[in-house]
Amino acid sequence: MSRTRLEVFSDAVFAVAITLLALNLTVAGPGHGPLLHQVGDHWPAFLAYLISFATIGLIWVNHHALIGNLALVDRNLALLNLVLLLFVVLIPVDTATVSEYLALGGQDARVAVILYAAAFLGMGLSFAGIFEWTLGPGRLRQPVPERARWKARLRFGTASILYLTAIAVAFLSPLAALAVVGVVPIYYIFERNLAIGAPADVRQQ
Amino acid sequence: MSRTRLEVFSDAVFAVAITLLALNLTVAGPGHGPLLHQVGDHWPAFLAYLISFATIGLIWVNHHALIGNLALVDRNLALLNLVLLLFVVLIPVDTATVSEYLALGGQDARVAVILYAAAFLGMGLSFAGIFEWTLGPGRLRQPVPERARWKARLRFGTASILYLTAIAVAFLSPLAALAVVGVVPIYYIFERNLAIGAPADVRQQ
Amino acid sequence: MSRTRLEVFSDAVFAVAITLLALNLTVAGPGHGPLLHQVGDHWPAFLAYLISFATIGLIWVNHHALIGNLALVDRNLALLNLVLLLFVVLIPVDTATVSEYLALGGQDARVAVILYAAAFLGMGLSFAGIFEWTLGPGRLRQPVPERARWKARLRFGTASILYLTAIAVAFLSPLAALAVVGVVPIYYIFERNLAIGAPADVRQQ
Amino acid sequence: MSRTRLEVFSDAVFAVAITLLALNLTVAGPGHGPLLHQVGDHWPAFLAYLISFATIGLIWVNHHALIGNLALVDRNLALLNLVLLLFVVLIPVDTATVSEYLALGGQDARVAVILYAAAFLGMGLSFAGIFEWTLGPGRLRQPVPERARWKARLRFGTASILYLTAIAVAFLSPLAALAVVGVVPIYYIFERNLAIGAPADVRQQ
């Protein structure tokens, strides 16, 4: 299993998924009222687009950092990576569902946001699973010392905890749940200690 | 013909096909009943999505292993590879057809599952064809010894045999046929002796 | 301008275009008659799919051979390559139009096939333009000798001549015109002297 | 952060976006009048397609030149690059909106063209932001001397100025605004002094 090909395939999946996201922004077209109103009524689609784009983008950055520091790329990693991608490709669909149902409120909006957060939760757990795999012997260029593991696990697991919170919050308010989902990419913009396995100077960059 | 470019092109096709799969999961949208019911009624789409994703994912892993061990990449291989991809890109369409027709039962469900298994059969036979090509002189870094060839052929051909079985089973039960199709990726998760042409230590990894 | 990035971008465009082709094969779905009849009525879509897939696939193989033998990759080549890709991405759309109109016959079928052949003609002429560019000094690893140029031009130009023929034939019979378009990839499967600029031993491979 | 992976991901996003552009050219199909008339009525779609394709194509060429000359690729650059891609993936959607509304004229055509120019403006400003980042110490292989910076900024900023002009012009004439948007790729075909940070001989190529 070569690192390059794992990266090229993953990058292509991330790229297609991130580009398909925008298709949800297409308006209904002529005969559905003034364009400005159509665009205005599309605010849930724009909001969901921004959150999904930022999340896939940050997952790509973190994927990059993690895979780039591996000393070993094998078939098991490729299979774990496929599980991650299984959830990544669900995101455009779940973004579309949130876009359509959020403004309607009620039970349907709740279900839509829960599906959305669940796809991200699957992605977060798969990513944490890949991180667990990297802790095995000889897998990282610079192994994570025993004492630093739980801190690192927490950093990788923060996303999953937030997505679980979002699912719980959805029962109170779908919009608030969406806000919780949107916190994750913001967290990972500022959390820069994810370059696990990299030499110390790279980690501090 | 460079190995890299064959891989990049193939990876991109695999990636686009695997990402398009999820588009079949899109629900009909507001005005088609409660979202939860719509999602529940979509179970054949979810099932077909999982099977197609796992199959394309595993084909990608095996493609990777086979191409990575080649000593030679030429125009004939590129043409054989195109035949493989011809069937890969059919999979999202046939997945959509199964998703729509499976729950309806009857003759249409049977036809849908047969088309689905037939696309996979084409993919399996093309892959076996590529493997045959690798048996020619000077094509693998470490040639498959004569006595090991039939065993290897069987390993590569198992998918095609299972897809033929699925087509036969479809006349009895489309759902059972789908289950047979779903066995293939599970088989290839556990069958790890496909790294043909690799040095022995890599094969046992 | 790096060769690698020109190749990766082109490969991704070829890959997305070739995968989108298959989307034209999607049947109308439940409520539009027995699935077997729907599939049967789709024969123009299958025919157009096969021709378009084979043509994009062969153009990819030839693109690969030509770019791989370049000694220089510059901004002008990148712009010429963009013109080629401009026509490549038109092919899925024109394939869809042929799929819908061919069986209807009459003026619309003629227009659909002419649009289809015209997109391929644009692709063929752009490719011939890239070949012309390679004849400049220092652009090929092994320059094409003066006396071999017209023969090489003819080989690269055969596609364009056939597409022009297809456009003319479309006025008599759209189906016959489609057959002429389908001859091009078959020609390029057997015409192997396109590895222009490669050392002689590679060309004869 | 490796340069290669940033390039592969960006190239894939550019490639998917540029290929999706053409999908706007699909005609309504049988039952919507003669095909020739449908194609003729599609002229705004063809015009928007050409402008969007040329713009994404040229942005890709310039992105290539800028990233290829970097001495350093870090997480901040990856985040800036994601902002650029956020606008790139909006272009197929906004191209579709312009295609549908331009010929209708009035307020809707104006809104459509402004949305279209705004997506390009976001792309132009992000690109200028990436250029600003490259001015930091140690980021370019050959730093831009202090005295050349404003001239370079102007070259990179010309696109944004033109897009702002297009938005202003849209209040007078949406079609004229579209023409202004179309001037940008033509400008960048002839403005070749963008290979910032490259050795002087490369810049003059």
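Each chain gets a letter, A, B, C and D, in the order it is written, and its residues are counted from 1.
Assume a contact is a pair of C-beta atoms (placed from the backbone, for glycine too) under 8 Å apart; a residue touches a chain by one contact, two chains touch by 3 or more.
Computed from a predicted structure; not experimentally measured.
**Student:** Between chain A and chain D, two copies of one chain sequence, what rotation angle (nearest 5 degrees) aligns their Cα atoms?
**Tutor:** In short, 90 degrees.
**Student:** Using C-alpha centres only, name the chain that sits farthest from chain A.
**Tutor:** So the farthest one, by centre of C-alpha atoms, is C.
**Student:** With over half of the numbers shared counting as same, classify the chain C/chain D interface as same or different.
**Tutor:** Chain C and chain D contact each other through largely non-matching residue numbers.
**Student:** Rounded to a whole Å, what is the gap between the Cα centroids of chain B and chain C?
**Tutor:** Result: the chain centres lie 26 Å from each other.
**Student:** Suppose each chain is reduced to the average of its Cα coordinates; what separation in Å results between chain B and chain D?
**Tutor:** Computed from C-alpha means, the inter-chain centre distance equals 37 Å.
**Student:** List, in ascending order, every residue of chain C touching at least 2 other chains.
**Tutor:** In chain C, residues 8, 12, 15-16, 20 touch at least two other chains, as defined above.
**Student:** Given the complex with chain C, which residues does chain D contribute to the contact?
**Tutor:** Checking each residue of chain D against chain C gives 7-8, 11-12, 14-16, 18-23, 25-27, 29-30, 34-36, 39, 50, 53-54, 57, 60-61, 64-65, 68, 189, 192, 205.
**Student:** Mind pulling up the chain C residues that touch chain D in the complex?
**Tutor:** 1-2, 5, 8-9, 12-13, 15-17, 20, 74-75, 78-79, 82, 85-86, 89-90, 92-93, 96-97, 100-101, 104, 107-108, 111-112, 115
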